[in-house]
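Note that chain A is present in both complexes that follow, paired respectively with chain B and with chain C.
Up next, the complex of A and B:
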């Protein structure tokens, strides 16, 4: 496994519109990095350029500081798991997994040994003689993973590998991928549009928006300190309070309409403030700051909690509250936005 | 559930099947007639017309030439057609649909015109040997079948499996043989069968190249029929049916489509 570095990558399919604009990031040896973003933002394009399946328009891809941008795909020594699994339909499970070793002209006895070990590791030993058409989605996924890992790739690329599985299986496969990654100390680049999935398994997450990187950080940092409104929206910050222009009184007080709001982070360049629904408190008696009146206009049942829509002078707020008390539409409440959860965003 | 035991449909199917089978059955019956004309009902039973086939040198050499021409033309059509289809479906060529129509165009022109045109241009003007012209004509006859059948299965194949092969360390050239070809095997066999049968049975194109030096089987049969109206023709037809069926059976067995489709 190896370090990956992507420098100033840009891509245009038609010579006019840029699908990727100046993408730069690096993945360290043994790191699990996810690319997260909505459909069409350029995740697959990025992955395919790194794999060498399509040419870049400009920029470089480096592995262990060596420029591999012009190295053809079949000489890159990467592993890749496709969304459609892309198993070879005419080959058995064993032959599918052995394929990468055969093209590398490895001795038959060694192939047999290695494939057997890999099938064991991925729980496929009993299926060695089956053909892809005879396997379930989860099993196909595993074969695809085994086929990618057998060559001991410098980098494992995965393009939404779990999106064709049902919810339960997805969770199981996710854990399995994690286990294998830790065990084999793999460097992984994982593409997904599922936020929960990627926060659960990644060391770092790269959030993409229309061909550029909006934030590249650890899941914890992104979760607590989203850099832009786009990122915040993507990871479940439902409430956005526009800040009045040039209303910053000092670095921790800002005006929204006529209301002064306090933050614990520097809000000098803030355009909006954001807070997660579960961090807003209703009817907090000892509240002294960031508190104002509202009226409940809608209620949703979420199982563990209720989600209310509250109307106020600062606009509508989504508030999530534990199940013990149930409020009804029309109830008058006071909202408190705790300063430490109120994040200023500059874009 | 659909009710599949629809009486009307069953009757129609049987009627159509009978209509197709009837001439074949008649040919088989008449081939055993001991009278020297093709007529029904037959008076007695004999194998002598089958023996008679081998007394006609035109039938023997005609069979050989037709077989060789059909094999070469089908092989050539596959050899050129498959890469052409691959290029048309995998690379985003400009005017791909134009090429597609071009390759299929021989089907639009009556074969007799193709035969005549080839005779005029290739044999008379370019002085190409007749045998080569025959191959060219039959190749043109076969190509559209290859293009059609292979295009269909190439479009059905997930193009990611090829990419997966490259990622596994296979060059595109090697991947074509290790991944693409095995996955379109069934339609290659089907295309070969269509080519072979059509070339082997073709009259219009062969007719023009039928000279003193070269005899093709179908024109030979036609020729024989003009001079002798006897059941030898029925007998050779039966042999050809058996030969074609046997050949298809062997091809299918040898390449074994079953294994993958199971």
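Up next, the complex of A and C:
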């Protein structure tokens, strides 16, 4: 396993529109990094350039500080798991897993040993003689993973590997991938459009938007300090309060309309403030700041809690409140936005 | 009416298939075995002649070489056509099939003009001073092979293009990432997946080439007989229908045996259970 570094990567398929614009990031040895973004933002393109399947328009890919941009796919030592699994339909499970060893001209006896060990590790020993068409989706996924891992790749690339599985199996495979990653100390680049999935398993998350990186941080940092409105929306910040331009006087107080709001983070360049629905408090008695009146206009039942839509002079707010108390449409409430949960965003 | 008695409704169709498929064959086969001096006498006589063995050998060789050339030419062409956009692919498919719409006799006469002593090929080679006197191409086995390749290439391409278009390109990409260079991928990943299409194409071309009459008749002349032209000669020129039937049955047996061999080879390439 190795370090990966991507520098100023750009890609255009038709010579006109840039699908990727200046992508730079690095993945350290043994790290699990996810690329998160909506469909069409360029995740697959990034992964395919790193794998060497398509040429970049400009930029470099470095592995352990060596530029591999011009090395053909079959000479790079990577593993890849495809969304469609892409198993060899004419080969048995055993032969599928052995394929990468055969191309490396490894002795037959050694191949047999290694494949047997890998099938054991991935729980496929009983299926060695089956063909891909005889396997379930989860089993095919395992074969695909085993096939990629057996060559001991410097980097494992996965393109939405779980998106064809049902919810329960997804969770199981996710844990399995985590277990193998830790056990084999793999460097992994994992593509997904599912936020929960990616926060659960990643050391770092790279959030992509229309061909560029919006934020590249640990899941905790992204969760508590989204850098842009786009990132905040992506990870469940439902409330956005526009800020009056140049209304920040002392870095911690800012005006939204005529209301002065207090933050604990520097809000000098803030364009908008954001807060998660579960962090807004209703009818807080001892409130002294960031508090104003509102009226409930809608209620949704979420199981553990209710989600209210509240109308106020600063616009509509989504508020999540525990189930003990049920409010109804038309109820008058006071909203409090605790300063430590109110994040200023500059983009 | 219940299910059991409904089966009887199939009887007329069943009889029809039976009569039209097997009756002509049986009609041909039975007389060849009716001989007072031995059951297989006519066959033994036919196989005793070294000339006949020559004809069998030539027939088999021409069919075999034709299949090989058609496959070697057809595979890359099909790989190229099969990977085009659907609209382009349809136009190319039509173009490929176009020669099949012309009359077989006319097509073979065109080859006489091309391959003859005064033909384009000889004129061209003479003009370049590559040869001193015209080559004998027409009325050789080579001429028959050239004509057959031209005749059967569209059939091979047609049976491969569909399979190529259905290939999942990601599977080849997966192979490349696992360290397989493009040639290795072609032989170990692409061709095995195409095995069913290749098998169909080879069987069609082989059977067609074994039984073709017009092409060997026109391009091979009278000194280069194959089994089908020999049958015609026995039946029409010599009026010996029994011998013609013997040859016909031998032709069927050789064809069937060859197809069985091809099937085995194909299964060796692609051992998916659905194909077994």
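Note that in this section the second predicted complex is superposed on the first by the 347 of 347 C-alpha atoms of A that agree within 3 Å, B and C clash if a C-alpha of one lies under 4 Å from a C-alpha of the other, contacts with A are read in each partner's own complex, and residues count from 1 in each chain.
The criterion applied here is as follows: contacts are C-beta pairs under 8 Å (C-beta built on N, C-alpha and C of every residue); 3 or more make two chains touch, one makes a residue touch a chain.
Just so it is clear, the model here is predicted, and its values are computed rather than measured.
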Overlay on chain A: chain C relative to chain B, clash or fit
clash
So, does A:147 touch the first partner chain B, the second partner chain C, both, or neither?
both
What is the contact status of A:51 with respect to chain B (first) and chain C (second): first, second, both, or neither?
both
Quick check on the superposed pair: does A:73 touch chain B, chain C, both, or neither? Answer first, second, both or neither.
both
Touch test for A:8: chain B only (first), chain C only (second), both, or neither?
neither
Can A:104 be said to touch chain B (first), chain C (second), both, or neither?
both
On the A-aligned overlay, A:82 touches which partner chain: chain B = first, chain C = second, or both, or neither?
both
If we overlay the two complexes on their shared chain A, which of chain B and chain C does A:289 touch? Say first, second, both or neither.
neither
For chain A, which residues belong to both interfaces, chain B and chain C?
51, 53, 73-80, 82, 84, 86-90, 99-100, 103-104, 131, 147-148, 151
Quick one: which bits of chain B touch chain A in the complex? Just the residue numbers, please.
158, 160-161, 163-172, 174, 179, 182-183, 185, 260
Which residues of chain C touch chain A in the complex?
168, 170-171, 173-182, 184, 189, 192-193, 195, 269-274
In the complex formed with chain C, which residues of chain A make contact?
51-53, 73-80, 82, 84, 86-90, 92, 99-100, 103-104, 131, 133-134, 147-148, 151
How about chain A: which of its residues touch chain B in the complex?
51, 53, 72-80, 82, 84, 86-90, 99-100, 103-104, 131, 147-148, 151
